[in-house]
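Inspection log for the structure reproduced underneath, given as structure tokens.
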Amino acid sequence: MSALLEVRDLTVRLRVGGTDREVITGTTLEIGEGEAMGLVGESGSGKSMTAKAIARLLPAGARVEGSVRFAGTDVLGLSGADLRRHRAKVAVVFQDPRAHINPVRRIEDFMTESLRTLEDVPRAQARTRAADALEEVGIDDPARRLRQFPHELSGGMLQRVMIATALLSQPLLLLADECTTALDVTTQAEVMAILDDLRRDRGLSMLFITHDLELAGAVCDRTSVMYAGQVVETSAAHRLHADPLHPYSAALVQARPDVTSTAERLVAIPGRPVSAFEAPAGCRFAPRCPHVLDGCRGHEQTLVDLDAGRVRCERAAALRGRLLDPTESPTESEETADA
Amino acid sequence: MSIPVPSGVQTGVAAEVLDPVAEVEATAVRGGLRRVRLGVLGWLSLVVVALAAVLAVVGPFVRPFDPDLSDLSFAYVGPYGSHLLGFDGQGRDLFSRLLVGARTTFLGAAFVAVVAVAVGSALAVTAAWFGGRVDRVVSAGLDVVFAFPGILLAVVAAAVFGAGLLSAGLALAVAYSPYVARVLRSAALRERAMAYVAALEVQGFGAWRLCLRHLLPNISGLVVAQGTILFGFAMVDLAAISFLGLGVQSPQADWGVMVSEGKTGLLQGYPMESLTAVLCIVVVVSAVSFLGDRLESAGKQAHR
Amino acid sequence: MPDTDGPVLSVSGLRKVFGTQVAVDDMTFELAPGRSLAIVGESGSGKTTVARMVVGLERPTAGTIVACGRDRSRPARNARERTLRGREVQIVFQDPYSSLDPRQSGTAAVDEVLRVHHDHDAATRRRIVGELADLVGLDQRQMDALPRALSGGQRQRVAIARALATEPKVLILDESVAALDVSIQAQVLNVLADIRDERGISYVLISHDLAVVRQLTEDVLVMQRGVVVERGRTADVLDAPQHAYTRMLRASVPGPGWKPTRTLRRPA
Amino acid sequence: MLRFLLRRGAMLVATLLVASFAVYGALDLAPGSPIAALTGGRTPSPEVLAELNARYHLDDPFLVRYWNWLTAAVTGDLGQSIPLRENVSTLIGQRIGVTASLVALTSLIIVVGGVGLGLLGALRKGAVDTGVVLVSTVSAAMPSFAAAVVLQFLFGVRLGWLPVLGTGTGFADSLKHLVLPSLALAATSVALVTRVTRTAVREELDKEHVQTAVSRGLPWSSVVRRHVLRNAAIPITTVVGLTVASLIALSAVVETAFGLNGLGAYLVQAALNKDFAVVQGISLVLVVAFVVTNLLVDLAYALLDPRVALGSRAS
């Protein structure tokens, strides 16, 4: 598998109220052709900003370091028509379809806009392709839907429109940013299935951003976990749940209640998730980590290979296999005061 | 009537709010008035308004000459000795008249703004709190009053009650109320829909306590902003009405009256009276509206 | 006072119609002291409307709601009745960002509730505020901070403390942990479990999240389009769902070995 | 859409009914008898008094007089001006043209100037934008009567380019006489429209659906045209409409300042002379114009925003 997307040491700072806030620090990840990569983290981890940087959609005034290479081109250096061509090859499915689709234009306009503008497809042909795409994502009576406005469709329906539209332009990479978070569970299962099917049919690569470790595990080949603007672990998706490498990944697995059994007590992580600019020196997870040693706080952790995965923790090798062991889990420490 | 909000939608909104960058920005403006950044222009505006306010109170006591003392032999004479701006068409000291004229202009506008904001916010909070039929009745009433532009209402009031500052002021206060009420009603509705209000209702808090101690204070930023904006409008409209001869009556010194009285001279090439009065109005009104804009955008952001 | 052995909350034949839409139809359930009941369903199922009717934010079209032996199907007639009801049932909402008055610290919010409900002197109120802060796991500094200085989880703890200030017998949790990050959600769920152990309070958990339901409740009602389609012990219903809709809900929850399927269709 | 029109139409009629009642009632209750104006203050003989009361229907009960006035008004008869002994409708007819052309010319200035400047400021950041903000700030602080005085002094007295008083004869001359009044009337409004346009376009640029359009690789010009401008047109149209509506009453000030023979200036004169029939008549005309303009704004809003048809008016 050759890498379609390579992100190296990506650092992003945003200007907020006159000061630079670091939101991503040295993120590194790559996605192969046809591969689905999950990007999991809590709020403030920088996972959405990573997607925005890849699609070059960062807000004005953002400062970016590092490199993003997509299909052999340097994305960060693109401008003008080249940048537009890059964006057309990277389709984004956002979390809130209602905000992300122009409310005053018909579904047909939304779906066919890029076909007609960028590829000069005639109107009738574009409409037929849009209708076919709607059928593929399981929407009945596409002709009627095309004439409707976004406010006439439900959230789940709109998200399927979004997916159908994303696939119409035949992209190489799909960026799905919390694309089922606002949906009901049954709708989520259906939309996920559609996304997964269509992606596999087309051999499309995907970066799947979510806060739900189990959802990522179900549809992705590999998963990266982000904390405070850094990737702390990348592992095979199915393994992350049963055999995590980083104490934070393990803590995420354990903190989540299980639908099949009732825990005596959940293993909560003390404190709250922080953003890159609030993070302490040294290991960023150290203040919340049950396995922390004094040495962890001394210096920045680096991402190293371990057991076919990658992990940003100097104790990872020592903790191998013990992270989920209940006898090893330290008792829940008092929640530390937030900064 | 409230419609149950689908929980899925709320999750989306909440997740967005949880975004730390958004949170940082939100905390920077929440709290409204205390955190308004004024900047150089803002401070300058504040100084201008404060100066005008002080003049409105002490103007008549610090004026160098009697503003009503007329000596026709000095008509249109320019700056002369201690008469800094010279004389108007009736030979009265222009500078003294400007100082004294601040009173009606400023206090009249303050009266209009206070009355309109008081009436408007009371209506807005009432409509938002009770909703349903009360809201519809209040809104329909406001729509009718809205059909009368301020100036028209003032003209009618002058015809009915006679020309004067009081009837003009009352007319403007009535005409402005629907504008305040509309803006504040939507703010109050948003606040009414906040979960904390529902939580306090469940606690058994009464409507008075909730409105006066929770709802109103939380939209106070917008109330003050609306008051400031209306104050600026009222200064302009009152001066315009006086200019038409339906407000403050000549020979009383008032900026609007002075613009009107000075017009004869202006057309003959003696623009001092009209232009100085215009300058006073323009400077104070710009300062007020600048402050109003700042307060409003701060209040709106605090309200996201 | 009403007897202590009977249900703390009993709802029967509850119905709510918005315009032409039936949001809740013929809902009946009882809640024993110290028990926890979950009402699960997706958006539009009517579960939140049930919660709002129970706490008195929405007036039922038909049916009765009795809490602690007192009927609350109709709006309170006077201030006394309103405050009495406030001591029976309280609610914690989903969004930790809008559920606190932005101008009030946690201490001030709890203190105000205490002043409305009791004639305690300042020292007693301070003591109670301190006890509640301990119960929900907040320190003095956090309690004295304005909501904007607190994180989502901390705000939700303040909201819980404020709800507990009236010493209610029933606490409605309307998606109260849904908007929280996973690590924070676990903290708040643990706090809720501790409170129940300590105070013997009953919970009604309104949720779409079956894992959270499993963790916190003993009994469950499954709602679909305003109607209860299945009820029973939480473990039984989740392990062996009977109704087709419940099975579909259960099958939609991601977990180890789970694959999303397109064959899921809503039963007509 | 039809239901929307019917509902708005019903609201319009109701508003006008209440407004007309208020106008008529307020002036009817005013102290001072119109007879005094007729007789010049002398006490008339009882026969003359009875004859005047009968001719002007002054003895009928209030509601009867209101009803008569209203039904006549619907047919275009607004009664008699007692001091001028002339038909109010005729008097209004002679003057409405001046006011209408003044408002029309001003509206043109507002739309072209305000929307143009606003777009310029929103889309060209930096020096151009700063210039736009500066121009709009200065003109926002110019109330129409102040602008009138300044323009009269500059272009009339100092430069002598344009006439400063009167209505003029013939098309070209009339237009020339309207230039300064329109500019004076437009000053504040241009600033308002500029600012709203600039803000609306800026806000739309920040919308998520615009981000979607950008993310699809569409050319910037097409993103701006099809998404930003199309959506910003909704608030811009609304504010332009409301601004034009507000000009109708404001024209009184400018007409007085420039000695134009229009409705507004005449209304002011009538109010000062206690010529109530004229005040009632012109007020009614102005209120109708104002309310109808507002209705048109609402219709435009509904046409531009597909969400309105469902009744959910997005703010």
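The letters A, B, C and D name the chains in turn, as written, and every chain counts its residues from 1.
Here, a residue touches a chain if its C-beta (ideal position, glycine included) is under 8 Å from a C-beta of that chain, and two chains touch if they have at least 3 such contacts.
Treat the numbers as computed from the prediction; the structure is a model and nothing was measured.
A.B. asks: Going only through chains that touch each other, what is the minimum step count from chain B to chain C?
C.D. replies: 1
A.B. asks: Give the label of the chain whose average Cα location is farthest from that of chain A.
C.D. replies: Ranked by distance of C-alpha centres from chain A, the top chain is D.
A.B. asks: Report which of B-D and A-D is connected by more C-beta pairs in contact.
C.D. replies: B-D is joined by more C-beta pairs in contact.
A.B. asks: Can you name the chain whose C-alpha mean lies closest to the mean of all the C-alpha atoms?
C.D. replies: It is chain B that sits nearest the middle.
A.B. asks: Please tell me the distance, in whole Å, between the geometric centres of chain B and chain D computed from their C-alpha atoms.
C.D. replies: So the centre of chain B lies 21 Å away from the centre of chain D.
A.B. asks: I'd like the Å distance between the centres of chain C and chain D, where a centre is the mean of that chain's Cα atoms.
C.D. replies: Going by mean C-alpha positions, chain C sits 54 Å from chain D.
A.B. asks: Per the centroid of Cα atoms for each chain, what is the distance between chain A and chain B, given in Å?
C.D. replies: Computed from C-alpha means, the inter-chain centre distance equals 49 Å.
A.B. asks: Where does chain B touch two or more other chains at once, residue-wise?
C.D. replies: 6, 8-9, 11, 15, 18
A.B. asks: Got the chain D residues that touch at least 2 other chains?
C.D. replies: None at all.
A.B. asks: Among the residues of chain A, which are close enough to touch at least two other chains?
C.D. replies: Chain A, residues with two or more chain partners: 43, 96, 184, 211.
A.B. asks: Can you list the chain B residues touching chain D in their complex?
C.D. replies: Counting only chain B, the residues touching chain D are 140, 143-144, 146-152, 155-156, 158-161, 163, 186, 236, 239-240, 243-246, 256, 259-260, 262-263, 266-267, 269, 271, 274-275, 278, 281-283, 285-286, 289-290.
A.B. asks: What part of chain A is in contact with chain D in the complex they form?
C.D. replies: Spelled out, the residues of chain A in touch with chain D are 55, 57, 83-92, 94, 96, 99-105, 109, 113-114, 117-118, 149, 151, 169.
A.B. asks: Under the stated contact criterion, what part of chain A meets chain C in this complex?
C.D. replies: Touching chain C: residues 42-43, 138, 184-190, 192-194, 196-197, 211-215, 217-219, 238, 241-242, 251-252, 255-263, 265-270, 272-273, 288, 332, 335, 337-338 of chain A.
A.B. asks: For the complex, which residues does chain D have touching chain B?
C.D. replies: Result: residues 11, 14-16, 18-19, 22-23, 26-27, 29-30, 137, 140-146, 149-150, 152-153, 156-157, 164-165, 188, 245-246, 248-250, 252-253, 256-257, 267-268, 270-272, 274, 276, 279, 283, 286-287, 290-291, 294, 315 of chain D touch chain B.
A.B. asks: Can you list the chain D residues touching chain A in their complex?
C.D. replies: It is residues 207-209, 211-219, 222, 226-227, 230-231, 234, 304-307, 310, 312, 314 of chain D that touch chain A.
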